Amino acid sequence: MAQRNQTLDRPVGIDTTAIRVREHSIERRARFRSASEPLGLLIALVILLIVFSLLNDRFLTVGNAQNILTQASIPLIVAVGATLVILLGSIDLSVEGVMGAAGMTWILLTANSRGGEGIGLWAWVIALGVALVLGLVNGLIFTALKVPSFIVTLGMWYVGLGFATILYGRDLFPRLTDPALTGWTSKLTLGLPNAFWVALLVIALGIAVVRYTRVGRVALAVGNSETIARSAGLPAFRVKVAVFAIAAVLSGLGGILATIQLDIGSPNVGSGLLFVVIPAVVIGGTNLGGGKGGILRTVLGVFLLTVLNNGLILSGVDTSWQSAVSGAILVTAIVFAAWSQRDRLGVAK
Amino acid sequence: MSLTPQRSRAGRFAALAAVASLALVGCTTTAGESTGEDAGPIAKEDIVLVASVINTTNPYFIANIEGAEALAEELDLPLEIVDSEGSSQTEISKIQAILAQGKKVVMFVNTVASSDTPTIVDAVKRAGGYVSIWWNKPDEFEPWDQGDNFVAFQKHPGIESGRCNAQAIGDALGGKGNVVMFPGVADSTTSQTRVVGFKAEMEENYPDIKILEEQPSNWDPVLANQNARDLIAKYGDEIDGVWSADDGMQLGALQAFEDAGLLEQVKFASDGLYPDTVKLMQEGYGDDAIVGETFHRGYMASAIGLYTAYLAATGEIDPSELPKEKRTSFFDIKCVTPDTLDEYAQYDEPGAPAAFVKQLIENGPWDTEPATLVGGGGPEVLD
Amino acid sequence: MSATVTEASPETGAAPRARRAVIGRHAWQAIGPIVIFIAMLVVVAILTPAFIGGGGLAIIAASSAPILLLALGQSMVLNVGSIDLSNAAIALLGAILLALALGPLAAGAPIVILLVTTLFGAVNGLLVAYFQVPSFALTLGTLGIFQAASLVTSGRTTVYVSNNGQIVSTLYQSGIANVPITFWIAVVFAVLLWILMRYTRIGRGLTAIGKNESAAIFSAVRTRALKVLAFALSGFAAGIAGIVIIAQAGSASPTGLGSDLLLPAIAAALIGGTSISGGVVNPLTVIFGALTVALVPIASSAIGIPTQAQSLVYGVVIIAIVALTMSRNKSSIVK
Amino acid sequence: MTAGASIDTTENEVTAMTDQTPVLRLASISKTFGTNKAVDSVSFEIRPGEVIGLIGENGAGKSTLLKMLSGNYRPDQGVIEVNGKPQQFRGPADALRAGIGVVHQEQSLFTNLTVAENIEVNTPAGRGGVSRLGLYNWRRLNADAARALDLIGSHLNPNTHVSDLSFIDRQMVEIARAIRVSASSHTPPLVILDEPTSILERTETAILEREISKLRDIGSVIFVSHRLDEVLRICDRVLVMSNGRLIADRPSRETNEAELFRLMVGRETHAAVRNRTSVQPGTVPVIAVKNLSRQGEFSDVTFDAFPGRVVAVLGTSGSGRESLVRTIFGAEAPSAGIVTIAGDESHRPSIGHSVKKGIGYLPAERKTEGMFGEMPADENLTLTHPAGAAVGPFELPRRRRAIATEWFERLDIRPRTPERMLGDFSGGNQQKVVLAKWLNSPELSALLLDHPLRGLDPGAAETVNEQVRAICDAGTAVVLIPDTIEEALEIADDIVVMRDGRISGTYDLGHDDPTTLDLLERML
């Protein structure tokens, strides 16, 4: 026995070194992988930029760049929230409904053509509050009643739209009357559209939330394994509710900005955005299963889709084909991403 | 599915319950087959008015509802509104649900898609009701082939609308310049005829005006706004004129041009003269950016449609004896320019729908200003 | 984990009670959707007796047919742990192709369309199974492609069936018990799937994948082939849905009848007791999921809820029903 | 069993400290579920610096007891005293604060987070309470984590993502986490190691043993394991639980494996010595592996598995032996070489083909790869080889139940309720069902067993071993990846030793008689 212990002690060190060396190479490979994924996206984006600028010399102009930034802003803001939700391993389908509800609340409380002076900043607070409530309800039903987020947020989509429709009532389109607000989103500050500044702020905050706050880190932990998170005593419940609330507030903010951008209030102010935001998050490489991914990748995904859409119009591609091209790019992106990890035992959901 | 004893018991029960309730479906439905066509005139007190609209957030459809309400009030009849929520299936199901209640309906339907018409007509026919369809139907599906229950198909001519807009833009640009177009949902005949009219007019009378591009924008102000932004980036100040298939999309496009600071250099024209547009034109928005509109009102459409069906239902008219243009009818639209704008203000005043309805009952469905019968009898074609 | 479970739910004494609870849970899973549907029907019947008396159920059944078909296809895919976001787009494309093909191909057209849509589904499945890409993202991509194909093949306009329309239109116009054949076709399809899931090795393999794909691989279940099969079934169901659309409308267009079935069909599958994480499906209860989804808007209209509030009611009801019918236990993880 | 010198010293220290307050004192702790007393009036003490072994069969009440100590369950009766103070834990956080940390059987780390975050998961720093704004202070977080790692002698970079760590390093992170809270409050920690060795390789176990002896310097340890030899080697005292009661408390040097086995299982071990013979010349192998390689895992491996013989493949975690077996089964793709199964040569074996040829594979990761917890046991059992339970494509539920019932009898699977969800069975019984899944094959030619005893208590392990022998005697070839060398020597007929992906030695136990030391030398 003692003899065996002695013999064990010596070679053990050697062997673990060997293991460690092997692990280190794995680590390096892992690092390379995590670095190469966004790199691939970046390359794809650059290729698109080059192709489109060859097809139309107006593509690579300051004006169009500002246009792209304006158009990317609202999807970016909403996608930050969507990324947080997807990092949890859940999904938020309610964005368009929440946008409609918040946008409609906001414009009716702001000076608009239906009359009324508006209540200024309070309109923002109340509109974002409406979004917050919708998000909290999302989160609470999801966590407390354990209804899959897919169905909760699907229902909440209709609820948000319905709320906006009721607010809209039967009157004329409410139209902004404050000249300071009209066109505010695309006005330039330091060369960039205002909406994009807001988006930048949201992105920075989003990154900070993921990197430096309890909510962000616990969200990642929950996305990795909720079982472990619970047994480790992490506040999974609260964090999930918080993430849905954050996502809804960001959707609400997107809804308000979209309303400003359109200048009129409509329950459908977010129409079509869900099918930009979710593909963008996925193309960015955030794992739908949760725990893996990040906001910067999503930013790349949003830009890829926005540039694509803009570039296709600018190069005169028949609009019928546009959804096919973005669809094909989505498929290519994920096949490309999955290619290196293909394995006989690979399990894809 | 797995096969534990518990679950197989539960499964068996499920299967049983399934069969039972499906049988229930069968039983109850056989009872509802009694009604049929050729039920003859309906006593007025049995009539329920039904107005079906595509959604309840577009000003045009809201006006549809207002017209139906005004008529219901005037005739002192109950009214039910169907909100299709933009979906053909919802539209058809909800209409069928109303018919299933055994009510004698007089119906106005602003169809979601042309192809909904046969199904709706068929259902109304079976229930012994009377229906007028507005805006969309398949070209070859004509009322006179379908019996009296499909009283009429009615619309404002799209070609005329397109021509009117084209003239406005053409004249405002002095016959020279570049135009971009925002059609609605591409497979809508309403949008298609307007596009045809616009292009024909440009080709015939404004040969120096070039159509740069069409971007179908699905009747969606948000999409029109985005598409407009991209086209501005693409063509910049080359764009001199913008045409939209309806005012909703035009509102979206206007904002994009305003944001780009191009509003003052571009002329706009569209269909519908929404009250929002009236305001903008009155304000002289964007240095009178909106140069042409066509005027028609949703409440007129629904009132005309419902009233026509009502007359057939009560036996006051016999659809089979009507001339074809009173079965497939085109109602006048007015070309509006900023100068003639004031003439139409009266139609947006409070109580205007009620006033129109009074006129309508007095003059009949085909002779009420400003929407008088101007043609029809077959599909709309370029003259 | 194993040890904890044994200790927490030990054999002696507590076992019968535990099993009763299990029966309760599973029974509810099986009949919950039916109970909910009937309960809603009763409410509607009390509020508007004329609606039920006048054949309202037949209308619900008829309008649920395409939703049911897509929900059945979806439930097959959900059962293997995947999702098919493209099935409604396939159905619409199938309808457009059928409208184009009925003239030249006559009775052969529906068969060709079914083959084509099954192939579309199979391609989805092949990509998911062999490239190991997440189905949510993949089918989101193919959704765009199928949508574009619809726009292009239809020329962005309504395609009317020119000739031979009666071949399929009879399916809608004739009925059994006053309910169009289209609905009964969907029901028969559901029963066939139920037999497949319950009494065949293929069905058990499919469910095994949904419960634990890795274990299925190690148990020599042909996971890839079966995944392709699940998606192909979804494509096949979408093809029938396309035929049903043509039967009802006699035409198809990229924005017409059937263009907005994706989410209602998923809701129907989930209300019908299908687990969104896989491994649990009962095609028979999906029938009631679809009937419920079709009932809600019709019923809310019939009982006189103001039009502008109907969307809100629809959302609330969908959430409430799933919350009521879902099987869950205390420790389960819900995503 | 001679106690090593080092253990002697420690024990002297312990004796010297006896008058100190015990770190942990349990007085008549009970916990009842329904009518079942999972833990029945258990009392014991742990003194500072003591390493206690806790053993018992699955279901004996260990897990419930540990859950009460970690704050997951509340005892129905009795008192838990930590450092002399009675405690009522409302949750895991309370237990941690009192200085009790648990390292769970299955690793419970967030692989997408960093080492530091995992260690600090329950500390103020990890909760974002370090700076005023509630934001993470990564520098502080990393420094604190590094200190905790330092205490147990690990030098991992706290900023590494756990997904990039090896298994043993992850175990270190878990231990660091377990002692982290008490380390900051300067109370000596009590670390509960719940079967930490069940997935560790021999050499890694040695590392862990060293770490445990380090822990002894700063606190106390409760060590839960099924490997009785280890328990005896590592622990000062061994507590034995059975049916919820504490039935024995023995100093390690006053007991032995046989006694502990008897106490736990309630019967003598009947591990008979295997009668071994050499391979008869001319016997055709069931599986012949020739020059098989897989990039990055193993290379140029050649060996045969003969009918009626058990081949044990030994090696450390870098040896590639798991990958080798999975490659033979067809779960992983080889880069070169040939696998011949029953005379059928293949460059690319596939699971479907192997199974058709009568191969079965018992994966090490039972829960994720071997079974369907949410599927009834009988369906699990007949999934791969329905035998009589299927006619063509159709299933016959009654026949399936009958077949399952038969296997339940033959393998003594308890409880005899094949319709129950497999996840509700105990680990040993689950393993038997998974085994039966392959035994139900009408023509089973070979079984590949990847750590078949992992996580099983000695009683369950013995039944599984008996079955393996029976299968083998019936003429099936068995390829075994054992947990320990002892396991190999006990059951194998042939031994293949692997080192760094290559074969470093082969033994036919019919004529060779390698010692543990010989085999270890070949492995390292």
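As written, the chains take the letters A, B, C and D, and residue 1 is the first residue of each chain.
One rule holds in what follows: contacts are C-beta pairs under 8 Å (C-beta built on N, C-alpha and C of every residue); 3 or more make two chains touch, one makes a residue touch a chain.
What you see is a predicted model; the values in this text were computed from it and never measured.
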Handout entry: Reference chain B; chain at largest CA-centroid distance
Key = D
Completion exercise
A student comparing A-D to A-C should find more C-beta pairs in contact for A-C
Exercise for the section: Please compute the C-alpha centroid of chain A, do the same for chain D, then give the distance between them in whole Å. Expected result: 41
Problem - Euclidean distance of C-alpha centroids - chain A vs chain C, Å - result: 28
Fill in the blank from the handout: Chain centres from averaged Cα atoms put chain A and chain B apart, in whole Å, by 37
Problem - Between chain D and chain B, distance of the C-alpha-averaged centres to the nearest whole Å - result: 71
Practice task
Send over the residues of chain B in touch with two or more other chains.
Solution key: 2-4, 6, 56, 216
Problem - Overlap residues in chain C, where contacts from two or more other chains coincide - result: 151, 156, 204, 207, 214, 217, 308, 310-311
Completion exercise
Note: chain D residues in touch with at least two other chains are 331, 351, 375, 379, 395
Handout entry: chain A residues within the chain D interface of the complex
Key = 1-5, 7-9, 11-12, 14-16, 18-20, 22-23, 26-27, 30-31, 208, 211-214, 217, 220-221, 223-225, 228-229, 231-234, 291-292, 343-345
Problem - Sites on chain B touched by chain C in the complex - result: 1-4, 6-7, 9-11, 13-15, 17-18, 21-22, 24-33, 56, 81-83, 85-90, 92-94, 96-103, 112-116, 118-119, 138, 140, 185-189, 192, 216, 218
Handout entry: In the complex with chain C, residue positions of chain A that touch it
Key = 88-90, 93, 97, 141-142, 145-152, 154-163, 165-166, 168-169, 226-227, 275, 278-279, 282-283, 287-290, 320-331, 334-335, 337-339, 341-349
Handout entry: chain C partner contacts - residues on chain D that touch it in the complex
Key = 33-36, 38, 58-59, 61-64, 67, 106, 331, 351-352, 354-355, 361, 363, 365, 367-375, 379, 383-384, 386, 390, 393-395, 414-415, 423-427, 430, 437, 455
Completion exercise
Within their complex, chain A touches chain B through residues 56, 58-59, 61, 63-64, 67-68, 70-71, 113, 165, 168, 170-173, 175, 182-183, 185-187, 258, 261-264, 266-272, 309-310, 313-314, 316, 319
